[in-house]
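Note that chain A is present in both complexes that follow, paired respectively with chain B and with chain C.
This part shows the complex of A and B:
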C-alpha cells in the first residue's frame, strides 16, 4: 500500500458541559488509516460521530484522547490545511456574497494569485453548473445550489485530501451522479477522499473502503467489495427467453444442481430512469434559474493535474 | 507558517463587505447623519439655546449609535460566523484563529471609521447652519440632506442597472457625498467670503480631535463586543452584556470624582481610573465649549488608555477564541 494520508489512533471525543462534566461521548476509541488515492466512506446512523470525527481531522474539534495525523502532521498545523479541502454537512456560506465572490474569497485564503484564482473560479463554476448564477447572492440559492457552491469551494485549492460530509445530500440525481464521477476521477489522479453519507447506494458506488460507526464505536471496517459480495450465490443474465425455452432451461438446472433457480426481469434503478428523462427533456427556457444539468460533468481542468489539463 | 498580509487583507475586506451588506448598518448610519442635520433645528426650537447643544447632541449620537454599531457589526460578523458555522469553513483553510479573530475586529474598526467620518462631516456642516433665529445658513442643512439623498439615489440606480448590493454602495457613497458637500460649501464660501471659508475650515479642524476621541472610545467598545461575541454569539446575550458595560463605564465617572475629592489627585486615583473602563473620558463636549479645541496631550493620553483597554479585551478574546471548539 502507498503512504497513509490519515491515521486515526484510539481517538475519543467527549463533549463536556459548562462544569466540565462529560455530557456526550461522541467518538469512542476509533482507529483506522486511510491510504493515498483511496476513497473512504464513513457510515453510521444519525449522531454516530461521523461529522465529529471529520472536524477532529481538521483541528476544528480537539480529541479528548488518542492521536490523529493528517498528511503526516497534527491537524493543528496551519500549513497542512493548504492541502485539504472540506465540505461541511451544512452549506454555511456568506449569504450576502455572490457565488463568484464566495469562491474568489476562499481562493484568497490560500494565497492564490488573482489570475489563477479567476481561472479556477471560472472552471469550478462551469463544473458545478452555476456559471449562469455567478452574480446571484448565495443566500437566495436553493439548497442544492448552495451545496454546489460549497463543493466548488472545497476544490479551489486543488487539495490532496478531500473531506466531504454528506456531499450528495440535497443534490439532484444528476448532480449526485456528477459528484460521484468527480470523486472517482479525483481518486484516480491520486487524491484521497473521505466522505460520509446516508445514501448507501452512493457509498457503494464510489468507496473503496468503508467504516461503520454506531454510538461512536467503530463496528465494521473493510473493502466495499468484500463486505458486499455474497460468495454463496451467482446471477446469470440472459436476453428475455421464450417461456417454453425458459421453463426447459430452469428444469435442466434444477435437475443438474438440485437447487431451485429463481428468475425475474431485472429492474432499472430510479436514477437511470431519471437521467434518461432529463436527457430527453426540452431545452431550458430563457432565464432558467436552476442549476444547469449537463450530460457530462467535466472535471475542472486545473484539477486534472499536470499533463492532463485542457489543451491551450 | 508566517503571517500572510494578503490573507489578512482578504479577511478584513470580506469582513467589511459582509457587514456593509447588512441593511441595519446603513439604516443606523443614515439615521445618525439625518439627526445630525436636524439637530440645529431641534435644539433651536426646543431649547432656544446656543450652538453648543448641537455639538453635544451630535457627539452623543456618535457615541451611542457608534456603540450600537460596534455591537451589531461584531454580532453580525463574528457572532453569526460562530452560530452559522462559517467560522469552521474558514478555519479549515490555512488561516490561524488569531488571524481570523483580529481581521474580523479590524473590519469592525473600518466600519466605525467610515461612520465616524460621516458624522464628523455632518457635524461640520450642521455647525454652519447656526441657531435658526439668527437666520444664518439653513442651506447647509439642505446640503446634508442632498448628500444623503444622492448617495442613496445613486446606489439605487446602480442596483437597478447592475444588481450591485444597495446597502454596500450607499454606505461607501455616504462619506464621499458628505465630503463633496463640505468641499462645495468651502468653494462657495471661498468665492464669496474668504473669512467665512476659513471659519468652516477652522471648525472642521477643531472638531476633528473630538470625533477622533469618541472613535477611540468606540474602538474599546468594539474590542469588548468582539471579545464577548467570541464567547456569547447570540444577539440578545451580547446586547445585554454590552448594555451592562456601557452603564458600568458611564457610572464609574462620578465614583472616580468622589475619590478624587477624598484623596486629591493622588497617583492611586489615577491608577484606579486607568484600571476601569470609563466612557466619560472619551466625552469631549466640555472641552469644546466656547470655540476651544481639545488639547493634544489629552488626546494622546486617551489614545494610550484606549489602546491599553483594546489590547486587554483583544487578548482575552484571542485566548477564548483559540480554545473554542468549532463543533
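This part shows the complex of A and C:
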C-alpha cells in the first residue's frame, strides 16, 4: 500500500455554458490519493460530483484547477488508458452489436490478438453469466444484462486501475454479490479499484477507504472500519437461550457493569434470504433468456494473474 | 492501426444494421432499374445512350451524396450524444483513429454501392444497345458513344465569320492512327436562325502536311452542337498542327461559340474504362462529403451538423453560380434597361461598397472551397465519351480527397483535442 495509483490535488471543476459563463461548480478543491491494491469508494448524494471526478481521471473532462495524476501520468496520455478499465454509470453500449461482438470490439481497441481476444471474451461471458446470450444484440438486453456486458468490457484488458461508476446499480442481488466478490478478488491481486455507489451496504462490504462528497466538497475521507466503528459499545452473539437463563445472565451483567444491556433476535438480511431462495429454485426452463445465476462468482482465469488457479 | 480497423468494422456494422445500406441500395438500384423508362432523349440511339449515362451518373452522384451526408453527422455527433464515443475514447485510441475508421467505412460502403449500381446500369445498357438496332444506329453508336475520344481545342481561331467570309482554326493534334475515324464538333449562331433552319457552308480540313483530309459542303443548323463524322485515315498521321477552314456561304455574319467553337476528337481508349474513371471521380467526391459529414458531426450537435452538411451540398450544387460571380465580379446581373434607361439606379455609398467587398470575398472563399468539386465533375465527360485523363483523376484525388478531405480531418482532430466528452 505504498505506490500511488491516483493522485488528486486540489481539483476543481466548473462547467460553463456556451458563452463561457460559469454554471455549475461540480467539484471544489478535492484532494486524495489512492494506493495500489486499494478499493476506494466515492460516496455522496446525487450531483455531488462523483462521476465528474471519475471522468476527470479518464481525461474525458479537464479539471478547471488542480492536478490529477493517474498511474503516474497525466490523464490526457492516451497510452495509460491501456491499463485502465472504466464502467460508466450508463452502460452506453452499441445496441446493434451482440454481447460477444461488443467484447470483441473493445478487445480490438486494446490491440489484443484474435486468439487472446477470443479466450478473454469466452471467459468474461462465463464470468458474467451471459454465455447463453452471447449472440443476442445488446440493445435487446435488460438493464442488468447490459450492465453485466459493460462490466465485462471494463475488464477485457486486465486493467491495473478499475473505475466503476455505480457498478451494482441495476444488478440483481446475486449479480451484485458477485461483483463485490470480484472487486475483492481483483484488489487482492494488486488491482486498484475506485467505485462510486449509492448502495451503502455494498460500499461497506468492499471498500478499504471511502471519500464522501457533498456539493463537490470532500466532507469525509478515511478507512471504512475507522469510520464505522462505534467505540464504547460491544455486541455479544450467543445461540438462543432459555428465557430463564437469559434473564439471569442479563441480571448478572446489570449488577456487574451498572449499564442496562439490550437483547434481540438478530435478523437475516434480505440478501441472504434472496440467495437462499434462488439456491433452492427449480432449474431454469428450456430457452430461459435472463442472466444465469451461478453460486460461485468465477473470476475469469485471465484476471487471476500468472501461476494462480482459484480466487481465495 | 488495429483500433482504426476495429472502428471500420463497427461502423460498417452500424450502417448495415441501422438499415442505411439496404435503404440506400434499394433507392439506387431501384432508380437504376426504372431509369430507362424515365429518359427524355432526342429519339436517336446516340442521344438516348448519352442521356442515359448522364442521368445514371447524376443519380449515383446525388443519391449517394445525400445518403453520405445523412449518415456522417450521426456517426460522430449522434454517438457522442448517446455516449458511445466516450466508451471508445477511454481506451488507448486517439480521436484521429476513430475519425479515420469511420471515414474509411463510409468510403468502403460508398464504393460498393457505387460499383453495384454501376454494374447493373452497364449490364442494362449493353443489353439494350447490344442488339436489335439498325446497322446505321450501330455504326453511329460505335463511332460516337462506344469510342472514347480525346478533345483537341484550337490554339488559334476565328470567332466571327462574315457573310461569304472564311474562318480558320489551327489545332495541335496528337498522332492519329490509321483506320480510326475522327469527329469534328462545332457550334455557331446566326441572326438568321428565325427565318431559316440551316446555314450553308464549306468545311475543309488539312492534315499537318497540308494535304486535304476532308472537304464537304454542308447545311448546318445554328445554335446546336454539330457533330460531323470524318473518315478514318488510311495511314497513321503523325502529331502536328491541323487546319480547319469554314467558308460561310450565307449573307449574314455568324458567331462561333467561345467554348465549343471548333474541336476535333480523336480515338483514345475504351468506353468502359472511361466510365470507370468517371465513377472514380464520383467516388472521390463522396469521400470528401463523408469527411465533411464526420467533421460537422465532430464540431456540432446532430441537428446542426445535418443542417450544415445539407447546406454544404447545396453550395456544391450552386457552385456554378458562385463561380459565375467570381468570374464576372458581379453580385447580381446588371439591371435590365427599358428604352435605354436603367430601371433601377445604383447608388454607391461607402457602406454599400464595404458590404459588396465582403460579399465578394465570401464568394471567392466559397469558390475556392467548393469550386474544385465542380471542376472534377465527370458527368458531362462520361456522357460525351470524352476521355477522362489519368492526370485528371490524380489531380481530383489530390484536390478533393487529400487536400480538402485532409483539411476537414485535421479540423476535426484539432477540435476534438479541445473538446470535453462529459
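Definition applied: the second predicted complex is superposed on the first by the 307 of 312 C-alpha atoms of A that agree within 3 Å, B and C clash if a C-alpha of one lies under 4 Å from a C-alpha of the other, contacts with A are read in each partner's own complex, and residues count from 1 in each chain.
FYI, a residue touches a chain if its C-beta (ideal position, glycine included) is under 8 Å from a C-beta of that chain, and two chains touch if they have at least 3 such contacts.
Nothing here was measured: the structure is a model prediction, and the numbers come from that model.
J.: Quick check on the superposition: with chain A as the shared anchor, is it clash or fit for chain B versus chain C?
T.: By the criteria stated at the top, chain C and chain B clash after superposition.
J.: Check whether A:90 is in contact with chain B, with chain C, with both or with neither, and answer first, second, both or neither.
T.: Both partners, chain B and chain C.
J.: Identify the partner contact of A:135: answer first if only chain B is touched, second if only chain C is, both if each is, neither if none is.
T.: It touches chain B, and chain C stays clear.
J.: Looking at A:110 after the superposition, I want to know if it touches chain B, chain C, both of them or none. Which is it: first, second, both, neither?
T.: both
J.: Examine A:118 and indicate which partner it touches, taking first as chain B and second as chain C; both and neither are also allowed.
T.: After superposing on A, A:118 lies clear of both chain B and chain C.
J.: Scan A:82 for contacts with chain B and chain C and give back first, second, both or neither.
T.: A:82 contacts both chain B and chain C.
J.: Taking the superposition on A as described, I'd like to know which of chain B and chain C A:60 touches: first, second, both or neither.
T.: A:60: touches chain B and chain C.
J.: Of the listed stretches 150-158, 186-194 or 312-320, mark the one in chain C with C-alpha atoms clashing against chain B.
T.: 312-320
J.: Which residues form the common part of the chain A surface touched by chain B and by chain C?
T.: 15, 52, 55, 58-62, 78-79, 81-82, 84, 86, 88, 90, 92-94, 96-97, 105-106, 108-111, 153, 157.
J.: Name, in rising order, each residue of chain B that touches chain A in their complex.
T.: Those residues of chain B that touch chain A are 1, 4, 6-7, 10-11, 14, 17-18, 21-22, 84-86, 88-96, 163, 165, 325-327.
J.: Note which residues of chain A are touching chain B in the complex, please.
T.: That would be residues 15, 52, 55, 58-62, 78-79, 81-82, 84, 86, 88, 90, 92-94, 96-97, 105-106, 108-111, 135, 153, 157 of chain A.
J.: For a test of understanding, state which residues of chain C touch chain A in their complex under the given definition.
T.: Answer in residue numbers: 2-3, 5-6, 9-10, 13-14, 17-18, 82-84, 86-94, 420-422.
J.: Taking the touch rule as given, give the residues of chain A at its contact with chain C in the complex, in rising order.
T.: 15, 52, 55, 58-62, 78-82, 84, 86, 88, 90, 92-94, 96-97, 101, 105-106, 108-111, 153, 157
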